[in-house]
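Next up, some structures in structure tokens.
Shared between the two complexes below is subunit A, which has subunit B as its partner in the first and subunit C in the second.
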Partner chain A sequence: MGKDFTPWLLVIGAFVILLFNDVFPTLYAFYLSLHVYNLVTNPQPSFTYLNNYVNLLRYDLDINASFIRGFTFSILTTIISLFLGLAVAFFMAKDFKGKSIFRIIMCLPLAMPPITVGSMWKLMCNPNIGIIPYLLKFLGITYDISFNSLHAFITVLIMDLWHWTPLVGLVLLASLASIPKQIIESAEVDGASWPQKLRYIYFPLMALDILFVAMIRFMDSLKIFDEIWMLTGGGPGTSTRLVSIALYSMVLKRWDMGYGAAVSMVFTYVIIFVSWILYKILQVRRA
Partner chain B sequence: MPEGDEKFLKSSFGGKKVSRREALSTGAKIGLAAGLGLVAGAVAGYFGGTLTRPTTPTVKTVTETVTAPTTITSTITKTVSVATPVTETKKVAIEEWLKDMARPFKGTTIRIIAESTPPSGWVNSVLVPRFEELTGIKVEMERLGWDDVLRKELLDIEGKSGIYDLYYIDELEVMATFFDKGGIIDIYELMETKPDLVYPEFDLPDLIPVSYFTYEGKLAGIPFEFFLRLYTYRKDLFNDPTEKRNFEKEYGWELAPPKTWDEYEQIAKFFTRPPDLYGHITMPSPGTIAFDFWMLGWTYGLPNGGFTLKRRTSVNEGGLLDSDRSIVFLKRYINLLKYGSPGILNFTWDELRSEFMTGRVAQGIIFGDQLPDVVGSPESKVRGKVDVSLPPVEPKYYFPGLPIIYGDMGCWAISSASKNKEAALLFLQWVACKENAQREMSDLGGLCTRKSLLFSPLADKIDKKFNWSYLKVVRQVIMSNLATGPFVAVPEILIYRDMLYPWLTKAVAGELTPEEALRNAANEIDKKMKELGF
Partner chain C sequence: MKAISFLNILTYLIIILLSFVFLFPVYWTLITSFKSITEIFNVPPLLIPNKIELSNYYRPFVLEGYTKLLINSIIASTGNVMVVIPLSILAAYSISRYRFFGRDTIHFFVLTCRMAPPAAFIIPYYIIFRTIGLYDTPAALIIVYCIFNIPFALWIIKSGFDSIPREIEESALIDGASITVRLYKINIPLCAPSIAAATILTFLFSWNEYLFASVLTGFNARTITTGLTAFITEVGIRWGEMAAVSVVCMIPGIILVLFLQKYIVSGLALGGVKA
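And then the complex of A and B:
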């Protein structure tokens, strides 16, 4: 019987798209990362071995600080959104009047493009007309994200939580719904308290989904750009200058393609590595 | 797995049962092996190759002779051509000429990218429709913020995609880069090879910014905008007898446009009466603070923001970025922010205009292309209440003759990948011809690109119309050579600005002292320049 190539032909379209959208750009980025190449000052690429990587890892305090800032941001937003998402999921699992309307309102932030979220928060934080400074004034807080680094960082964190916690909530709600009711009822009959149910039933049975959504949130939050760019532009100082913003500045303002490619390669592989760790934990958990 | 699917997989993939885990694992191994192989191949290939890193930069330096500037107070007599009155005959001539010349290009479309400034907006709304009507050539203009314009233009040139026929240029560094990359053509050469397409009355040398857009003898584009960043103030407040009396009582000198930054600060303090009035405005947002520093630094005797032609910034290396004058400048800059409106730390060039229009600001250094809205827009609360003057200087560091006023000019350059170069040339001449330059001057509060118009009685009439002295001051600036260059194209200024702004914003936020910020910035920039081969 002759070999049937039909299945390969059926998947070849997807392979071609992957090739052009992912593989070639990655290879080209790697090629650029081995060169000194600036569109304005060094328009002819010149090979520099791994010097870009050496400079990045040994000397570039600014980018390294951006990485640390980015990780701090991602860890905080992931953990907090998990807690909030869980709370939302438990709340949504109950039956109450207006539940469907509440669900729609809760999911509205998800429907907004990131740039719109950033613009909206920028208006809300405006010292002249913003609602947030106005309300905080009553608490005796002089709120100004253009001047206070801590205010800016916390605002960016809250903005991200506001935007993406509904997604976490929805995923965990689905996970909650998949737990057999009999288990919960048996536990209640046996007199299990709420913390005990949480610890011995909900968390173990939802662990995979919690880990999965944590992985998604962590990866996404590391790559955040639009919202922060609109709200603070990376300032004040460098307090909200995460890797994506530093990269944007390097590639599209300084036009430093070679070094920017090196930074993006390292950034990509850091995300892959962290995701791989979380994936391994998932696999172990599954086993 | 359904039996049918299992059979299908077995028969299709060599009879071997492949689980999802195995497939993913195999794929990852292949990818990793390919990646490692590429690394080894790249290193081996290039190591064995003949490519070497250039030891000298590939950027060309243009040397121009700059006439020695004179002091501000001296009077210079220059012979300038007086604008011949625009008669009906001349007006018809350009339009008739265009109708004739454009016949072969009827039906084509030219695509233009421009920064969204009032002049480009005026061209788009007033001149483009008439041009289309006269010539049958369609014009599509895309107006964006400066960052987006530069990005799209560079990517269009890099990709040779030829999306745009005309590129907007307003910096010498950008012009030099575009020429070096072969992205734009020499307008002089085009005019010489196609003399029929040159309007006889055009008078190219009459355009003020023409010399700025000339690079190694080549003309990058035909200018259509020219304006200065001038000290702008509320003359209604300055002329109010009560305000004058109170000010003189407090500070001991007559309230007038300041000549020094000390005087500026006193005026700022005097007029800061929150929440209705503030004494200062500028643009310290992360995206614009480096521009502010670079533009205003001249008044502190800090040319080009302390960045030298040798691409150095630190004092040790011959620069001025971490010099005493630079530190004094940054300290004052930060100190003045307390006299600004709430939220000033996020102000960009847009807020310079919009905040001034609200009537809540007493003074500032505003861009000339924003002033037409300030003095002429129906939304402006300060129409007829604004005037301009030369900016203040820091006497300790400023030396007479040094340019102090940021001069901005914009032109459109023809893309070398354009298939409609001739049609584009016709459009450029339509925009910048004397007749339309005069209209622009009249409609836009005095933005003037032509010497003959600037030194004509018409200029005084327009100043009177807007009840201010913008064109008078512009004349003074031109005659005294007070407008800043740059005089030499230095593409690395883009890198300098981008590396400088994080340090400046840290100083503004109080995370570092001005000294620390400037010292760190200077060291970092110099290190980068050395890496680039300078």
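And then the complex of A and C:
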């Protein structure tokens, strides 16, 4: 095909728009991160070497804590949603009356706008009007996400599980469906118990898909913003202030673009680094 | 026999419990949107409103101009589909059918764009779109949403093209069909289900987006999702209106799930994701 430019002509549109959307802003953010640039107090960018990064890594307790909080949140939600999702997948794979309705219900959370997931849980969790505080009162728990940090963090976690466990369930359901029936039947003939089947058939055959969906969940939960912004706004205190929230509220409050860009760069590279490691793990397992 | 029926009952109970847990927040939002303000604050909370109130819909959509936000959302989402789908079809076709220098690099680059954390882009986007004068226009959103929609649409459509047997296209090539004919008469019709799925999901992702819309629009191009946070005011939260607008925001998602139910039921909905 020597001089045939057709393939490049076909990809050029998508390629250019993504360059403009992804590469150019990243380079621009890098440029900004080397400057002092505040839309309110210092509207003319002035070069400051790596000072923004030094300040960020050495002195900014707020952002550093939000990274730790974000990782804690992501690890917890990934692990729990894997277990719940696996259970949900086994239930979805069962044949029973009303199976299609059950599957439709399980897909519903996935199609919801994240911001409305936040408002739904806000409607349920508010101490004045919500049904959850009302019910928990009978158990003797005074539940209030606007004062109790632990309650807020757990609620955010549960909200995220509500939203994304069905995704894990659906991916693992597809994985379950791809296991040949004969293998399971022959194991049953040999008298394999449930735990044995799980340990020697399901886990090994589903390992790649489990890893894959764990990777997707982990990356997505690191980037979570809308739901938490709507539900708690990062509060009470800083208990649900994850990286995106910290970055967003910092930009909105201080309009400090140079420093915010430095935070953005660190955030992006943390995500790239983590996905690179997960990708390598997936590749090693696949080989 | 008895043990089996006990297990069956347990299975049913768990399934009912799961359905309840996953349905209840949506139900709660829906009924709250039909409650009057006194009913919302009723103790104990009402599971069914005594009387259906439409004022929660009437106030934002008729009196406060939320219809405009709705129209903006439709413009931004439809516009984004019209940019994303043609570009993705062409790029997917190229990557699926040709072996060319840089193919794998471009493919990998496109897919990695989806990994970018949105919050990290708000600063450069804000300044860039202010500078080029697209701030607070639907065009800004249409361009920006490509960053997560093109990789996704390309992925789905490419797996559609990959599954078409090469022989069909080769025989067309022997008959002397040009690339345009091959694309429009053979590949796109055969790939229609993938393209339809990509179109619907692209629309939904654009519709559901909040973060970029809240940063890149101010007054004129605000979308319906950004209108939702306006109900959290200094003097309190306007619960009824918030629930009503939430319900309206959810409509495309609910339609999608019902529309795609036969794929969901056959467990194929996310089969493509595994590829």
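A few notes on this one:
Convention: the second predicted complex is superposed on the first by the 285 of 287 C-alpha atoms of A that agree within 3 Å, B and C clash if a C-alpha of one lies under 4 Å from a C-alpha of the other, contacts with A are read in each partner's own complex, and residues count from 1 in each chain.
Throughout what follows, a residue touches a chain if its C-beta (ideal position, glycine included) is under 8 Å from a C-beta of that chain, and two chains touch if they have at least 3 such contacts.
Everything numeric in this text was worked out from a predicted model, so none of it was measured.
Look at subunit A after the overlay: subunit B and subunit C clash there. After overlaying the two complexes on the shared chain, residue contacts for A:A261 are found with subunit C alone; subunit B is out of touch.
In the superposition on chain A, A:N128 makes contact with both subunit B and subunit C.
Touched residues of subunit A, counted separately for subunit B and subunit C, are more numerous for C.
In the superposition on chain A, A:F147 contacts subunit B only, with no contact to subunit C.
Of the two partner chains placed around the shared chain by superposition, subunit B and subunit C are both touched by A:P7. When the two complexes are overlaid on their common chain A, residue A:L170 makes contact with subunit C while staying clear of subunit B. Once the two complexes are laid over each other on the shared chain, residue contacts for A:T72 go to neither subunit B nor subunit C. When the two structures are aligned on the shared chain, A:S193 is found in touch with neither subunit B nor subunit C. Stretch 343-351 of subunit B is the one among 343-351, 379-387 or 397-405 that clashes with subunit C after the shared chain A is superposed. 1, 6-8, 126, 128 are the residues of subunit A that lie in the contact sets of both subunit B and subunit C, per the superposition on chain A.
If you check the complex, the residues on subunit C that touch subunit A are 11-12, 14-15, 18-19, 21-23, 25-26, 28-29, 32, 40-41, 43-45, 83, 86-88, 90-91, 93-95, 97-98, 100, 103, 106, 109-110, 113, 115-125, 127-128, 143-144, 146-147, 150-151, 154, 179, 204, 207-211, 225, 228-229, 237, 239, 242-243, 246, 249-250, 252-254, 256-258, 260-261, 264-265, 267-271, 273-274.
On the subunit A side of its complex with subunit B, the touching residues are 1, 4, 6-8, 27, 30-31, 34, 36, 38-44, 46-49, 55, 62, 126-128, 144, 146-149, 232-239, 241, 249-250, 252-256. Subunit A meets subunit C in the complex at residues 1, 6-8, 10-11, 13-15, 17-18, 20-22, 24-26, 28-29, 32, 88, 91-92, 94, 96, 98-117, 119-124, 126, 128-131, 134, 162, 166-167, 170-171, 173-175, 177, 209, 212, 219, 222-223, 225-226, 229-230, 243-244, 247-248, 251, 257, 260-261, 263-265, 267-268, 271-272, 275.
Looking at the complex, you find that subunit B touches subunit A at residues 8, 11-13, 38-39, 42-43, 46, 49, 51-54, 57-59, 147, 151, 154, 158, 173, 177, 180-181, 285-287, 341-346, 491-492, 494-495, 498-499, 502, 505-506, 508-512, 524, 531-533.
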